[in-house]
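Since the structure comes first, as structure tokens, the remarks are kept for the end.
Letters are used for the chains, namely A, B, C and D, taken in the order the chains are written, and counting of residues starts over at 1 for each.
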Amino acid sequence: MTETKRVIDVGYLARVEGEGSIRVEVENGTVGKVEFGIFEPPRLFEAFLRGRKFVDAPDITARICGICPVAYQMSSTHALEDALGVSVDGQLRELRRLLYCGEWIESHVLHVFMLHAPDFLGFQDAIQMAADHGEVVKTALKMKAIGNDILEVVGGRAVHPVNIKVGGFYRAPTKEELHPLREKLEWALAAMMDSTKLIATFPFPDLERKYDFVALHHPDEYALNEGEILSSRNGAISVAEYEQNYTEQHVERSNALQSVNKDGEPYLVGPIARFNLNYDQLSPAAKSMAEEVGLKPPVINPFKSILVRAIEIIFAFEESIRIIDQYEEPSESYVPLEPRKSSGSACTEAPRGLLYHRYDIDDDGLITEAKIVPPTAQNQLTIEDDLREFATNHLHLSDDDLTWQCEQAVRNYDPCISCATHTLKVKIDRK
Amino acid sequence: MTIATKQNLESIVGAPRPAKILSVDRNTDDVWTLRLEGQGAFGPGQFNMLYVLGVGEVPISISGSPGKTDELLHTVRGVGGVTNAITSLKAGQSVGVRGPFGTSWPMAAAKGRDVVIVTGGIGLAPLRPAIYHIIENRADYGKVSLLYGARTPKEMLYADEFDSWRETGDIEVLTTVDAAIGAWDGDVGVVTTLIPRASADISDAVAMICGPEVMTRFTVAGLAERNQSKDNIYVSLERNMKCGTAHCGHCQLGPKFVCKDGPVFKFTDVAHWFEKREV
Amino acid sequence: MSEAAAKPTLAVWKFSSCDGCQLSILDLEEELLDIVGAVEIAYFPEMTRAVVKGPYDVSLVEGSVTTPEEAERIAEIRENSKILITLGACAVAGGIQALRNFDGADAHAWVPTVYAHPEYISTLSTSTAISDHIDIQGSVQGCPPNKYHLLELIGSLVWGRTPNLPTHSQCLDCKVKGNVCVLVAHGTPCLGPVTRAGCGSVCPSYHRGCYGCHGPAETPNMDALTTRWRSLGVAEDDIVRGRRMFYAWDPGFVGPGEEHHKQPAAETTRGQGSI
Amino acid sequence: MSTVMDVQAVYTLIDSLKSDGYEVVGPRLRDKALGYVAGTNGSDLPAGLGDDQSPGNYRTRDRGDGALFGFRSSPQSWRRWIFPPNAEVWSARRDNDSFVVDTSAPDSMKVAVIGARACDVAALTIQDKVFLDGQFQDPAYKARRENLLIVAVNCSLDADSNTCFCASMGTGPRVQAGHDIALTEIIEGDKHYFVADAQTDEGSRILEGISGAPAGTDEVAAADSAISNVADSMGRKVDADGLPELMNESYESPRWTVVGERCLSCTSCTMVCPTCFCTNIEDSGDLNGVATRTRSWDSCFTLRHSHIHGGAIRNTNKARYRQWAIHKMGTWQEQFGTSGCVGCGRCITWCPSGIDITEEVTAIREEA
């Protein structure tokens, strides 16, 4: 075969959030340039946050991403509370975990069943899949709705919740409002156990990689909102040290800002990193299901992220039930805050991984500087490396199959390109 | 003439009754007449609420003869969501009907007197039952003049009936258009310019007016110039209507509910409100 | 709804935005299968990799125009669509990113504050509504839009009627819901009186003032509300910031004495029925 | 004949209404206001709480006297239980070339309102005129109305009225007609009791089951004087003399321009008003071929209220405020033989702009 040049080009990557593309160039049988391109236009959030009141940050940053607004609201509130030296405890802290579980459920179920499962089963989309697997899709939609129910009760609505306030909540939900969720969650937990068994039977393409896993780690719980930043290679650091250890590069070679660890290497954030680093803290049913389907840390095949997400969905259902069961209405819905010149940062675990926010504010509570590093930006180099290695090992596939599987490999990360505020259209020279 | 009897009240307040469309005729580019199964007695000037499944319901005057109760005519101009849906219905389909609602033209009070009818555009539809009534009871009325204005000759409603109204009906039909497009050698100008030419004795005639509010205002003034007493003027008015039963509140004009106190009013009963803006 | 007719084709397009409007379609969990039964999803990359070639009966457009490429792309989509409806605050009014449009803000000056190599960035100095660039047939308001309004829109297309979308003020729905007015009873500044209803009066239900995420109501009286906010003790800067959120660039949210400095949003985005 | 009851007996009254199958709607502290909520127990009553109201402002306060009904107009009236803000009227399905309608029978839940004020009961009798006494009867309203029981409370505790002005509208502070039971709450030193009167057979039947002594002349006199004291000291008032005529002639008043600049057209006044009856009717259809008609509260402050093809008739805030005020205080009289305003003061308190209809009427009278 006298193959010269083959180009896998996915101009508009489907079933991801935001606008992205893939380009893999193969020349004389070897993989050359690999680009996970992002052409989401810049929206300049960090610029227009300047001069806004700190209390507006959760509402404004939520608009970075309609898929995981709670992640932005959580990271921004925690960062500002860090700046003002306040910590939000007790039931308010539990409510925040509950809210986050709602987002994990909604986002993970959407990704696992609607966006990713069709790849494994060979369908263009979940609607096609529904023709053969009607019950699976219907069950998934019902589970997703429960995530949204949590967001609506605790946050006011599913997309861009309104109830999140720096210092707590505008209004704490009543027990009567939370209680009806419980029965649905019980159903969903059982349903997700069954669905996980099904997902475990999916054909997972071969790929094994050595990653630096990075996730929050908390001594007492599966970390969502708080903890140290733990790296499988470099150990733990505090959130305050994030910017010294992880840096963003704006390089022309790539299409976007990309994060690297202190060794200048790519790293991986998200479900697999969390699972590998915090496995012991998973809830009982989540852990036993992981065992049942033979999933144990370290997971190094990125295609298994779908199964890890399934386990995290089980965790989120269980955790939600736990929180609702112990819930008592707090006497105050927030901790009052007085602005002063200060600076603070926070990381939380967005469904797609670590989300870093840092703010400087002045004595009037006006934001003077903001920095946001979303998970998709951090995973970008890793995604390209996955693609390179995967393509190298699978050159025997037809163009169509290779294209589809490259897409699938990118979807392993559930890349949320809208999130990647740092990623943008770059002028690239092509030969 | 109030037609709503106790037996049919329930159905008027409640859900529309499906009525089969017997035929659909196109009158002009955007006006169509639907012939429906009969609904029973009604008074000239009354209206029905017409409903298209899943689309909406609007007030539409009855445009057929009150003497013919086996069929129900509605002439509709497609101007928006619901009326466009109505005009695209076909024979054999059904349209929902509630009614008839509202007051009628003063056919009894006009007995033995001259009648002058002034109208424009689609406003002729609610007056056609009055014209039919006059023709069918011609001996009851004196001289009858119909003064009708349309924007263009093409938009003139029921033009094919004018000759028979003139000949068999002994009705004076005077027409005018705003713009003489096409083969038109008739009058050009607003409808009020026809008033001086009417052969009915305006000073003592009963006047029936239906058209846009500005037209009605000018007509009332034009008739007054011919020494007509405002007591003899009747107007049909238009307001937003949602229920037809004076419950939704939308059709108020001062103290009047246009759906039940109107649409046909003795002009002096509404003059106070009618003469002001944004009421 | 004529069963015999072919299903209308629906395309969903994204411009500068957060994806939340599209997600609101996927959030119609109970109705999603009915929707795909009633319309043919011809282009909706967030949901499917399958693509049906245009022209499309209906295009739903999310996001604002912030790059030269986007300005070109929207014109092509217009060519390819019989009915084009804009979804959400970004598409309707430029979104939060329209804060760059105001005097003193300069997107080109902002870029270096965010990016190390501004020379790689291509962006416009304004974020503008879709209707500033092309004609549209209607819009669904909100940041995010109410998912049931999207359902109503799709339903109205299928039945051939004008969608029932509110244009009145938030207060009507807030009172219907039985909320206690936070402005009157708590002294909390609320944009509800000038904001379009449709979200379900979410904020007052959670004891906070409406922040205007459904855009201006049909006849917003910003001057009168500003007077009231002053009497509640809200500082002038905060009053300005209060209206400069997701509909900052909508003429309906321009404050007393202010005027639009750059290209205004087109009138077509507001009004009765709006389809 | 009047009976005297203590606080405990009021609680018992509520329990007995419940065991008679009534859904009890009563006042309760919720969202920092004293409003009517369904599912009331005796312990939910806002003992010792009162309120302060002024144009555009409402705050609760501690009275320190344990009064159960020591508050004035609630944020909204309880009309929603008789006239719901959103209701499906019917649904329909295609049937070949026609359609079939499914009209669900009007629901007829038994509702008892406890703590209803004279103004709101007067407002109910006005709504009866709108929905029952005209040419057409509203069957849904009728069904709910027939199943309504009212335990009214005369206003006897607060002398200054804040925003209400029932005395000048002739509707209160003593409840006049339309109720089943009337209570008057009296607090004198450490004495705290209620004088109860039944107005209907159902009211008598219910009172008979509650322990209470026949009221003595002192107690009846205390109740009467407390009520008339409230009436006499009600600060706010509207000069009702020749009011409809004044309003009918007021179209050109320059005052409408002044108030039109303050009005937000937010609809709040119409939503909280206990006599407003406008509704919007919406037809829609879902993706399964089911068409529905819903009826929901509407307001003359919306554009669609006066929309006819080509645009709204009342486009300006000025015209809409004028329509509302002239209707309430003027044209209503010709329509229904009564004023459209009962003087509850809600539109004053709950107007975000703090527009005060009594002040507007006074200004119009002065300018006339």
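Definition applied: a contact is a pair of C-beta atoms (placed from the backbone, for glycine too) under 8 Å apart; a residue touches a chain by one contact, two chains touch by 3 or more.
Owing to the predicted nature of the structure, the values given are computational and were not obtained by experimental measurement.
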If you average the CA coordinates per chain, which chain's centre is most distant from that of chain D? A
Could you please state the distance in Å, as a whole number, between where the Cα atoms of chain B are centred and where those of chain D are centred? 40
Which integer distance in Å separates the CA centroid of chain C from that of chain D? 37
Take the average of all CA coordinates in chain A, do the same for chain D, and state the distance between these two points in whole angstrom. 51
Chain centre separation (chain B, chain C; CA means) in Å: 42
By the touch definition above, chain D meets two or more other chains at residues 94, 283-285, 291, 304, 307, 315
Residues within chain B bordering two or more other chains: 54-56, 80
Enumerate the residues of chain A that touch no fewer than two other chains. none
Interchain contacts, given as pairs of chains that touch: A-C, B-C, B-D, C-D
Chain C residues touching chain D - in the complex, by the definition given at the top: 1, 31, 34-35, 37-38, 151-152, 154-156, 158-159, 161, 164, 167-172, 175-176, 178-181, 183-187, 190, 192-194, 207, 217-219, 221, 223-225, 227-228, 272
Footprint of chain C on chain B - complex, ascending: 54-56, 80-82, 85
Per the contact definition, I'd like the list of chain C residues that touch chain A in the complex. 14-24, 26-27, 29-30, 32-33, 36, 41, 45-50, 66-67, 69-70, 95-97, 99-100, 105, 107, 110-111, 113-117, 120-123, 127, 143-144, 147, 199-200, 202-203, 205-208, 211, 213, 238, 241, 245-246
Residue numbers of chain B touching chain D in their complex, please. 2, 4, 9-10, 12-16, 18, 20, 51, 53-57, 79-80, 83, 92-94, 96, 238-240, 242-243, 245-250, 252, 254-255, 257, 260, 272, 276-279
Quick one: which bits of chain D touch chain C in the complex? Just the residue numbers, please. 30-33, 35, 56-59, 75-76, 80, 85-86, 94, 261-268, 271-272, 282-289, 291, 296-297, 299, 301-304, 307, 312, 315, 317, 349-350, 352-354
